[in-house]
Amino acid sequence: MKKLINDPFDMVEEMVDGFISANDDIVKRVGRRSIARLESPIPNKVAIVVGGGSGHLPAFAGYVGSGMADAAAFGNVFASPPAKPIIEAALACDSGAGVVFIYGNYAGDCLNFDRAQDTCREMGHDVESVVMNDDVASAPSSDALRRRGIGGMLWVYQIAGAKAETLASLGEVVEIAHRANENTRTIGVGLSSCIVPANGKATFALADDEIEVGLGIHGEPGMKRQKVAPVDEIIEEMFAQLMADLDYRNQRVALSINGLGGTPAEELFVVYRKVKALCDAHGITIAHKAVGEFVTALEMAGASISITRLDLEMEILLNAPVNTCMFKKLQRESSSA
Amino acid sequence: MKKLINDPFDMVEEMVDGFISANDDIVKRVGRRSIARLESPIPNKVAIVVGGGSGHLPAFAGYVGSGMADAAAFGNVFASPPAKPIIEAALACDSGAGVVFIYGNYAGDCLNFDRAQDTCREMGHDVESVVMNDDVASAPSSDALRRRGIGGMLWVYQIAGAKAETLASLGEVVEIAHRANENTRTIGVGLSSCIVPANGKATFALADDEIEVGLGIHGEPGMKRQKVAPVDEIIEEMFAQLMADLDYRNQRVALSINGLGGTPAEELFVVYRKVKALCDAHGITIAHKAVGEFVTALEMAGASISITRLDLEMEILLNAPVNTCMFKKLQRESSSA
Amino acid sequence: MNINGLTVAEILNQVAIDIEDQKDYLCFLDGEVGDGDHGVSMTIGMRAVRRSLADLPTSYLPSDVFDSAAEAYAVEVGATIGPLYEAAFAAAGDAARDKKTLDHTSDWLNIYQAMFTAIQELGGAELGDKTILDSFHPAIESMRVSVAASSDLADALTLAGQVAMQSARDTKDMVPLKGRASRLGERAVGHQDAGATSIAIILQSIAREVAKLQLQINYHFTL
Amino acid sequence: MNINGLTVAEILNQVAIDIEDQKDYLCFLDGEVGDGDHGVSMTIGMRAVRRSLADLPTSYLPSDVFDSAAEAYAVEVGATIGPLYEAAFAAAGDAARDKKTLDHTSDWLNIYQAMFTAIQELGGAELGDKTILDSFHPAIESMRVSVAASSDLADALTLAGQVAMQSARDTKDMVPLKGRASRLGERAVGHQDAGATSIAIILQSIAREVAKLQLQINYHFTL
């Protein structure tokens, strides 16, 4: 293992220090492993708290800032944060308007966020939770509540974040976060493993000519291993999985192509080109789009496709500006096109 | 080699198609391998044209948009674009106020941009060139004109781009681009090779415990190979190289930590933390900062540090908003701090 | 035997060393069907436990040791394993509450049973779901038999450790229903569960420490 | 011999095949001191040349072939090698201008010399800088000797190809002063230059094609 780190067991600590220092125009530290927007708590605004294991930047801390999350808790690499930093994050940003936890559906995250929620409620805070489960590869649609949360968070956070900026009520923010999640599907493909620093070895092995469709963002095995193929073929198969799960035909959507860490941006645009062609062929209008790294798995090579079916409210909310640590978007002028 | 591509010889073509489609709210195609801002030509504005080999995204096309470049030409992977797309880019954005080519100091880029400049001038366009040479590892300071251009472009483009947005004259934009370049130094470290798609094999080999300090963004060998060490030690050595080249003590600077492609963002923040500590120790004030991927080398693991010594004009220009395809920055409010 | 607070702390210290020794193996097991971090999470937890032991007052009860282990897991670990072990150590503390020593087989049966119940209640897994429970449960059953048979503590713990490790190996044949590996269903068959293995390491480590103590005492007597 | 436009096109077609065959080797050489793309850039150029040959009119001169090769390199390649080969092929076109056939050793000496001069003028390298020039120059000198000795064309080209390849190997000992490898100085010693090697492959390929033609003609005569 070669990484730009010191003692691997100090990595998260040092990363958090560097992250906060590099983003001190947007966030402040509110605990050893928790941050909040400089302006928190913002009067009358419902606060959004996110978090999860480290190793996924920009997820989760990278999305703290205006238009997305108010606070975040950092876990160890690929490990949910304990309840404590989640509670610190929540307390730092609750203005009294209430807090929504939005996190991915993993056993550890569920356990820890639930306990944080209980504690916060005992302390008199209004806290609701929205658990994202967009990964179609992680369970059949008949068992969708067991699905993991992955790349779709980019759209769920933005939609919920924009709604919260309008000073909507806690119930309204929770409702639209649920709605965004329910209309979002993601599927990923992995080309290589990642290395958990304190482990020091590749989490799994793929042969030189193998890829894994449906691989999770921690290297959890996916739906199937197959031989590497031209990307157009791989994308066709992945797209078909998404379409089989949710009917996007003739809908307006938000589409993101997410790099898992080790895949060059050039390849992500090759992927976008094919997905765009498939959308065109199915009468799908891409109202919002993003190509880049949004939820990574350390240095894993691979990509995921997330599509959110939009209604008018979600589509308009996505025009709002975003200024977070690692994702920025200028106000979209109402286009004449 | 496993990559998300079809025929490797079609990769650049397909990437360009996807790139333009994914960024059609910011850029338009003005040639098979050239793009320009939608609004180009912008009356009275000096236009900035950038370009270089593919495989370095966000460089170069990713920086087209307001506040940075007006147009870009795409080359093949790691190969300068020919003169033709550079000329197309220049013609598409010249409002009559003139054009500045800003590119890195590589033999191929110099040859092709020079020829494009000659042709454009023959056609009656006012074209000047600024050649970036920030890589301290690529030649001794006594021979600085032979140095390559690498990660420092993030600051040079922004400073020149912001100046051009003020409708400054061609001479003024050229002058400040030169000034930004002269005050910028970069040094990189490589941990692994990259794979040129149509080659299909790693460009070079590093042993499992070896790193290369001063490695170029194409895998060109650097200053020296050494054993991997705790990142704090590596950074100290790199920082010392920068300080030996330009005296940053007690200066205000713009600092960027750039990932070469295969290094997780978490590690870049660990690097930032150490560089920040070294800056503090030398009385250096970080007025502007950026941590992320700005100039990559496909999937190469590694990072580079770029520091620009700022004067008041450059520092203020860096407050301007940027809205390019792959780099966005909201207007910095004049801080009270 | 005199398994007082200090001795329990020494035992946990050794448990921590043994877990860290097996870090890479536990990561390997977790990597086959999960995210490859179980050895790391357990090491982070056990290092925190060791640090917390150093902060104990000059004199303390066995339950104090378990309480501070629970706190260490609560603050440092996160993941699935953090809350589960926090709850388990907290339950161990409760089971040992006010006791000066834990010299009897029944003391440890009670502690193990309390830990097991805490994990089961918080995690909600069933036996056969390919989790910690699947090696812990048979170990506790063997402890119960040992208590009925009035076995000596070191023998009882040693047997429990062996049963736990054998049961951890047997998880290979299980189809997981809980946790990250659950969605793999049949694909997980053939892989040994990481959490079931780490608890088995812990039980074996405890047994070995207690057996060493016993040996020292026997040695005294025969002198 | 009748090396007319069609024949020159056939020769260039074979050159393109030979270059693509050596793509990986050329990338390997470039990767040792440069950016590892030389084989790719040359293949892209030569593929474009082949495509451009298909677009030639029904009847054309040797110079037309060189002109369209120049255009192909100009549009498709970029890099250092794009403008250099564009200039070289354009110069070859000029050197062959108006000629119906290129049957004489002196024709090819003129063409090679024109290509060399174009590369030298545009690139500004000196002999010994570890570039294309360093294998091309000795090859041209051997052509000059062959002309003086009235050698037969196939023999002259074959000798030139051999000299070029030997000289390419000799670049190993040179300290590069131009191009990307230049900043490496002494560190580049021991590495064979990629551009010097690709031009040697081209010269050998031309020689082999012309020799085959000659053989066919001899065969006709002796029939």
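Chains: A, B, C and D, in written order; residue numbering restarts at 1 for each.
Note that a contact is a pair of C-beta atoms (placed from the backbone, for glycine too) under 8 Å apart; a residue touches a chain by one contact, two chains touch by 3 or more.
Treat the numbers as computed from the prediction; the structure is a model and nothing was measured.
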If you apply the touch rule, which chains end up adjacent to both chain A and chain D? B
Once you find the CA centre of chain A and the CA centre of chain B, what distance in Å lies between them? 28
List the centre-to-centre spacing of chain C and chain D in whole Å, with centres computed as mean CA coordinates. 73
If you average the CA atoms of chain B and of chain C, how many Å lie between those two points? 54
For chain B and chain D, what's the span in angstrom between their mean Cα positions? 34
Two or more other chains touching the same residue: where does that happen in chain C? none
Where in chain A do residues touch at least two different other chains? 77
Overall pattern in which the protein chains touch one another (line/ring/star/complete/other): line
Contact pairs between chains, per stated definition: A-B, A-C, B-D
Touch list for chain A against partner chain B, complex: 2-7, 11-12, 14-19, 21-22, 25, 54-55, 57-58, 62, 77, 189, 191-192, 206, 208-211, 228, 230-232, 234, 257, 261-274, 276, 289, 291-293, 296, 298-299, 301-303, 321, 323, 326, 328-330, 332, 335
Which residues of chain A touch chain C in the complex? 9, 53, 75-84, 106-108, 111-112, 115, 138-139, 146, 196, 198-204, 216, 218-221
Which part of chain D faces chain B closely enough to touch in the complex? 23-24, 27-28, 31-37, 39-41, 43-44, 47, 74-84, 122-123, 178-184, 187
